[in-house]
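For reference, the structure is listed below as structure tokens.
The first chain written gets the first letter, and so on, giving A, B, C and D; residue counts start at 1 in each chain.
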Amino acid sequence: MATRLDDAQRADALAALPDWSLVENREAIARTITFKDFRHAWAFMSKVALLAEKLNHHPEWFNVWNRVDVTLATHDVGGLSELDLKMARAIDTWAP
Amino acid sequence: MATRLDDAQRADALAALPDWSLVENREAIARTITFKDFRHAWAFMSKVALLAEKLNHHPEWFNVWNRVDVTLATHDVGGLSELDLKMARAIDTWAP
Amino acid sequence: MATRLDDAQRADALAALPDWSLVENREAIARTITFKDFRHAWAFMSKVALLAEKLNHHPEWFNVWNRVDVTLATHDVGGLSELDLKMARAIDTWAP
Amino acid sequence: MATRLDDAQRADALAALPDWSLVENREAIARTITFKDFRHAWAFMSKVALLAEKLNHHPEWFNVWNRVDVTLATHDVGGLSELDLKMARAIDTWAP
């Protein structure tokens, strides 16, 4: 079961994820990633989809052509959990 | 080359697409579709992705778990074109 | 940990999976599925991919256009396990 | 419409595609690619799927976990065509 990160854990986590920022008025993190074209954006999304289903932890995401906006939060805990950090780190690995 | 639908064409097209609605303050159409789970949402998105790449006409879309919000517009013409209608009809075929 | 089905379990399982057959000279099951076109074949494969990654149990599969040949076996146990049955049942649900 | 490469064109093309080899007893080319894991294999396949649908030219391919075997031929011309070379070059770009 995921547990909600406390303030110190959240601050530490964000410091280690410089490409992500806190969403306004919500305890969630977001990152926008731009790819070469739709094909590369979609290949990235395909990797994220596989991981999301494996973790049973799905992103909120928006795509238009080569751009993907990803927002991560753990609805069950009403904030951020280790699952979001795990997902964010994997996404950083796959971003160009 | 896509051409912009005129007012009469747009009205006719929308009348034939009852699941879609005009987006406020933009010449674009949108539909929200809910699936059984992420797996089915993703399979749907995979079909749309293949068609989008084939037509070179990509949706603006948002997904969270079993829900997909699709917005269609033709940026080149500053409004709606036959490409959007083609995409919308295909999407209707694949929606549950 | 997966365990190998014994002869009786395997016979029972196959009786309940009439669309699958034993592969010659190997303890594995296989099914060929034909779709309307590549798009539908690919959407099916996308669902299977998500499940495979979730179960950490991946098919051996071949695709050409609208046809998908799937072979299932559990390499760790040198034969068939409950994981193959689970995968086969899900695939049957998604086949046309 | 695709046209069949003649012997000289085929020889030139293969010389420029060192990772591909002629299939025995068939006029087709093949390459095996190994990825880090299924996730990366699937992301690659997702890119190929988009291009295949766009070109209306689909591979014969086999996958098991991190390995993808791709065979390319143009059935309409009973051999190899420029479409196969285009696909092979794209695949080479996406292989690790």
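Rule of thumb we're sticking to: contacts are C-beta pairs under 8 Å (C-beta built on N, C-alpha and C of every residue); 3 or more make two chains touch, one makes a residue touch a chain.
If you're wondering where the values come from, they're calculated on a predicted model, not measured in any experiment.
Novice: Please tell me whether C-D or A-C has the greater number of C-beta pairs in contact.
Specialist: Result of the comparison of C-D and A-C: C-D.
Novice: Out of B-D, B-C or C-D, which pair touches the same way A-B does, with over half the contact pairs the same?
Specialist: It is C-D that reproduces the contact pattern of A-B.
Novice: I'd like to verify one number: the distance from the centre of chain A to the centre of chain C, where each centre is the average of its C-alpha atoms, in whole angstrom.
Specialist: Chain centres of chain A and chain C, defined by C-alpha means, are spaced 32 Å apart.
Novice: For chain C versus chain D, what separation do you get between their C-alpha means, in angstrom?
Specialist: 25
Novice: Residue numbers in chain C touching 2 or more other chains?
Specialist: In chain C, 38-39, 42, 46, 49-51, 53 touch at least two other chains.
Novice: Chain A touches which residues of chain C in the complex?
Specialist: Touch list, chain C to chain A: 46, 49-51, 53-54, 56.
Novice: Can you name the residues of chain C that touch chain B in the complex?
Specialist: The touching residues are 38-40, 42-44, 46-47, 50-51.
Novice: Report the residues of chain A in contact with chain B in the complex, numbered from low to high.
Specialist: 38-39, 42, 49, 52-53, 58-65
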